[in-house]
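Two complexes are shown next, each including chain A; its partner changes from chain B in the first to chain C in the second.
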Partner chain A sequence: MWRFIISRFLQAFVVLFCILTITFFLTALAPGNPFQEDKAIPKHILAKMDAYWGRDQPLIVQYGKQMANFARLDFGPSFGNKGFTVNEVIGMAFPVSFMIGFAGLFIALAIGIPLGVLSAVKRNTGVDYSLMSLALIGICLPTFVIGPLLSIAAIKLGWLPALGWEVPWLNWFLPGLTLGLFYGAYFARLTRAGMLETLSQDYIRTARSKGVSETRVVLFHALKGGLVPVVGFIGPAVAALIGGSFVMESVFQLPGLGTHFIRAVTNRDTPLLLGCVATFGLLILITNLLSDILLAWLNPRHQSASDS
Partner chain B sequence: MRRGQRRGSNHPSSQAFSLIAELISLKLRKLFYGTARLSPLQPRPSVPVQPLLLRMMKFRIQAGLLLVLALTLVSCKRESRIDWALRNKILMVGNGSEPKALDPHLVSSVGDSNILRSLFEGLVTFHPTDDSKNAPGVAERWESNDDYTVWTFYFREDAKWSNGDPVTPSDFVYSYERILSPDIASPYASMLYFLKNGKEFNEEKITDFTQVGVKALDGRTLQCTLRQPTAFFPQIVKHTTWLPVHPPTIERFGQNDAGLRPMTMQFTLWQRPGNHVSNGAFQLKSWVINKSVVVEPNPYYWDAKTVKLKGIHFHPLSNEFTEERAYRDGQVHYTYTMPPNMIDWYRRNDPKHLRLDPYAGVYYYKCNLNVPPLDNVKVRQALAYAIDRKKIVENVTLGGQGPAYALSPPIEGLYSPPQVVKYDPDRARALLAEACYPNSKGFPRIELLFNTQDTHRAIAETIQDMWKKELGITSIGLLNQEWKVYQSTLHDMKYEMARHAWIGDYVDPTTFLDMLRTGDSNNETGWGSPEYDQLLQDATIAPSAEAREKILQEAETIAMTELAFIPIYWYTRTTLVHPHIKNWEPLLLDNHPYKHVDLSAE
Partner chain C sequence: MDPTTRLDQIEQGTSLGKDAWLRLRKNKLAMASLILFVFIALLCFMGPFFGVQDPTATHLDAKSQPPNKDFLLGSEHLGRDILSRILYGGQVSLIVGFIATFVSLIIGVSYGAIAGYIGGRTDAIMMRIVDVLYALPFMLIVIILTATFSDALQDIEFLHAMKEKSKVFEPDLLLLFFAIGFVEWLTMARIVRSQIITLKKQEFVEAAVSLGLSHKRIIFRHLIPNVFGSIIVYTTLTVPSVMRLEAILSFLGLGVKPPNSSWGSLIKEGADRMYSDPWLLVFPALFFSLTIFSLNFLGDGLRDALDPKASKD
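Right after this comes the complex of A and B.
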């Protein structure tokens, strides 16, 4: 197991290094100057700006500096949010995305797993069909439809703030619910599929024949195996959830990470973009690793396969 | 993790867990099978079924509790933010995008200026009801010599920084040296080219700042010597770039190992809450990226008794639909803009929130004169005359904008632009024929550039269609580029025809007309006319305001006949303004002095 974890960790760093290198050169090749504005900035001023921020140096030197910064986990100053370092920008935004993401994850699990189990148990009945149609609608309705709808409902009802991050303990709910409904629909379908497969296994038949109650069969014998596809999906889902989403943040006006990711691209803010890419990359790698470990625990066959 | 470990059914905690699971299973069974009936295969349950009466009682209690909870939720609506803001006198403003900086010398956008206007005060400041008028700021009075080239500002005694230091003329000299220093690379230093030798110092042609036309005569007098006569100079010094900074703070946070002058260090920690020192009605309280910039009253402000608000929250709401929802939810009192397609709804249903005020800005198409056939003035004229501007403002932009027949919008009591450009399709066809493209035959392909945005696309498509219908030109392509790419294409003159807009910096037609001077950094068309430049020059020494207006009209007539810029419409400010806001008059530059603004429910 340890060998597996360590080898995955090393792989992760190689992957991260490649991602950062590609991102750096892609942004360097993109047209547009981060300091140019709508009102033309005189050429001599623009040259001074480039010099001040080190953009006049050869590309390879800039690249070396960025990588050295990355090795120290310090991404240097942001070009777009001037006066702030990339670390500060991410440090301000990440907790917000983290909170919203986990709220979304828990709501998704709380909705998705029970509904999936219920569907599987009552397979091919009206309950199953209606639940799965609902889930399909949930998957098809993007967050930029659900989000504004919930937000408008909040305006009409006046129970919760419709958007913003002024009162975080009230503000987390609507974005969390939006994400939760969307991912919950996925989880429901995955749980159903996993449960159906598990319920048809021999050991379930054995359990039933031994007279174990149906509920016990479902909750104790089948659920663990049935959750395997869900756990496999949770890895990337968690990274996507807590990495922040530009759409969600723009709909609910949240100061999260997703906005920085997109703005860094549009502002040609290479240091911030690299910081976001590194954060997001790390998140994906860590959550995938965790979900692999969890999978190995849930399904020992998986573990022996990755160990060998 | 070994396989055997996952079963630990003898452990006490797992026994408790099975008990709970059995309880849940009973409930679930009811859900799954409709009754708590057990399947025939199963042995009798380990937990006895509760007596019916007890269960019914429990249900009643649960239902009752739920009802109470629901009623509480419905009845006690939370205090809306707008009420909270009213109670605490906090103005909440939608302010476009995240500020670039809170340093007056390093910004150029409208949103940034809005924040800085609350934090800083210049020599002269904005009038609450008419921004062609001036109100005293740090200077209590000012005067000029006869030909408007030397201006003297007399400082008030009680002007103070937010740390209690007095505001002195030398602070202003320091500030102007800072913004003009080439090393700080201020994006908008050109606003200070009004000062004698300002341009030369900024372009490193001279290095001695004492040669630049600004001088502290004594502890309360500042003298500005200008490059050329400028009768409206007090208008200019209201602009963000002319605001002062606190020298000791700049010096303290500008310390560096690179041996650079502290004043030329960009974006140091001085702009952070706690470090920031300003001299306006408000001071910086907090700044959270993408959330808000919060300012609170400056206790040392000389006119603190006029200040009514207890704070302003500037929210970077860059999505106009989100901003409109924020407004409806009572999270902002004032929006930066609004979705054009909602204007009509508000006009019909909620007119007291909607504000459509004239705004000193113009939307136009730039022609690159190095590209044939745009080098031919008749082609440019034909294109300009074939545009039905009235149709565009009525059907596309929808915000009550004015069809632009010239570059500078009319400024009441100051300037009425010449009516040169009009919709005249017959003349347009004739001109195109004269330019050797009768019926648009052989007209080369031109790409019309705009930055990716729905309104720009809609306008471009409408105009493309008008040119096709009126002139038969089918070879106009639409090219949209992402914002930064668009800027590069535009500023490097790699475009053929491009959409652009200009918002005035001060209330004077020259804020628009100066763009077309030969070689101006915002001209970017390759057009230049010595006659036009001369007229603008002559206007500076015109003997009277009427004579000046006439000369400027003459100049604009030349520009609008040559049409390197084809005007489309004049802006309006389309915003939602909450009725709680008081003393918020329509202003041509939309520069509201926050110290007069009040919140009240009446």
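Right after this comes the complex of A and C.
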């Protein structure tokens, strides 16, 4: 088990290193200057600014510096947000994105798993068909359509603060619900598939023939195996939730990490960009790792298969 | 679905295509989806020939009109007709969806086929690369690609000359084709590889080898045609996911840029004005969602038709 975890951990760092390298060279080689503004800045001043921020050094030196920064998890000052360090910007924006993503994942699991189990237990009945059609509709309706529609509804009905981040404890709800409905639909389908497969196994028949009640069979015997595909999807889902939270931040006008990421890309704010990518990357890698460990626990065969 | 299910097992008597078509025709949902999709696509590409308004024409005397007899789906804040904007935007969305899918198809099929055919160490290394790429947050990469290269492409003179001839050469669209194509090929490569591995042990490949055919010929003439079924199914399912990615990028202001518009950028414009003019959001969203629906259902139907052994989920 420890060998498995450590090898996964090392792989994760190689992946993170690759992403940061790609990101650095793409932005460094792209045309444009982070200090360019609408009003033209004289060339000698631009040159001085470049020198001050170390942008006049050879690319490979800049790259080495940024990687050293990453190793210390301190990305230095942001080019675009004057007077702020990258760490400060991320420190302010991360909780916003994290809350939305976490709420989204939580709601998705809370909706998806029970509905998937119900659908599998009542397979090929009206309940199953209507739940699965609903799930397919949920998958096909993109978040940037559900989000605005929900926020119209919220404003017309006056239930919830639809935009902004003034009431932090309420405002993550709509974006979270939007993401949750969308990924909940995926989770419902995955749970159903996993449960159907598990319910047809021999050990379930054994449990039933021993007179274990049907509820107990479903909830205690089958659920653990049935959740394997769901847990396997959590890693990719977190990556997708980050992408989804970009859209949510744009729809609900939230000052999250996605907003800063997109601004950093268009402004060529390399330090902030690398900081954002490292944050997203670490988040994805940690959840992937956790979901791998959880999978190995749920299904020991998975571990030996991925070790080889 | 077990991707290693062999397609040759279902080919008995009738040809694979004919057999699949017969099965698909019985699937009402898939047929309805096919008809709906063809209808939307025809509307987008043929509509402009049947007296739809110019999507760029502004009518300052008819700003922000709800749907009425002059503007069937309403007009926006500059008085531009929403129906014609949706149809022209649909052309862009569909073009991006299909061409970016095609790019990913070419990369994925060749990569998967080569890895599966060579096997051994090469295969292990090639698939390891795919695993690593899978772990990358591809959304970030696509955003970085589109944002960093958009200025660079604008400067290429050749493209300015070409885009007069065809919309396909617009720099922002070209960028989308490749940026999306380069991240969407991974699953295709895996599917094709696993099928090639089961196929290459069969007698017809041995026969081809003993006839002295080149590896290139065996891969592209003998192996890949045998995996067409899975390729078609997965392509049908890739198109909607590519279209969704394009819409997200355009929604974030990174994909299709004005004066071009796509369903994604129309939905963004609608979302900005949804409280006062909800029709600006509802109609583009409706067209987009219906297209995604129909392609997904069609893909599911094709999977059942081409590969009846794989169950629905």
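Of note:
By our rule, the second predicted complex is superposed on the first by the 297 of 308 C-alpha atoms of A that agree within 3 Å, B and C clash if a C-alpha of one lies under 4 Å from a C-alpha of the other, contacts with A are read in each partner's own complex, and residues count from 1 in each chain.
The criterion applied here is as follows: a contact is a pair of C-beta atoms (placed from the backbone, for glycine too) under 8 Å apart; a residue touches a chain by one contact, two chains touch by 3 or more.
Since the structure is predicted, the reported quantities are computational estimates derived from the model, not experimental observations.
When the shared chain is aligned, chain B and chain C each come close enough to touch A:251. When the two structures are aligned on the shared chain, A:148 is found in touch with chain B and with chain C.
Number of chain A residues touched is higher for B, counting chain B against chain C. Of the two partner chains placed by superposition, A:202 touches none, neither chain B nor chain C.
Of the two partner chains, chain B is the only one touched by A:82; chain C is not.
Applying the stated contact rule after C-alpha superposition, one finds that A:242 touches chain C and leaves chain B untouched. When the two structures are aligned on the shared chain, A:41 is found in touch with chain B, with no touch to chain C.
By the touch criterion defined above, A:211 reaches chain B but does not reach chain C.
When the two structures are aligned on the shared chain, A:266 is found in touch with chain B and with chain C. The residues of chain A shared by its contacts with chain B and with chain C are 30-32, 148, 151-152, 155, 250-251, 266.
Residue ranges of chain B in contact with chain A, taken from their complex: 1, 3, 21-22, 24-26, 28-29, 31-32, 38-39, 41-43, 73, 77-78, 80-81, 98, 100-101, 103, 106, 108-109, 182-183, 185-190, 202-204, 266-269, 271-272, 288-292, 315, 317-319, 321-322, 325-326, 328-329, 331, 482-485, 487-491, 501-502, 521-522, 524.
Of all residues in chain C, those touching chain A in their complex are 132, 135-141, 143-145, 147-149, 151-152, 155, 240, 244, 247-248, 251-254, 264, 267-268, 270-271, 274-275, 278, 281, 285, 288-289, 292-293, 296-297, 313.
Note for the complex: chain A touches chain C at residues 11-12, 14-15, 18-19, 22-23, 26-27, 29-32, 136-137, 139-142, 144-145, 147-149, 151-152, 155, 189, 192-193, 196, 239-240, 242-243, 246-247, 250-251, 261-262, 265-266, 273, 277, 280-281, 284-285, 288. Per the touch definition, chain A reaches chain B in the complex via residues 1, 30-46, 48-49, 52, 77, 81-84, 89, 92-93, 118, 121-122, 148, 151-152, 154-155, 158-166, 170, 208, 211, 213-216, 218-220, 249-256, 259-260, 263, 266-268, 296-297, 300.
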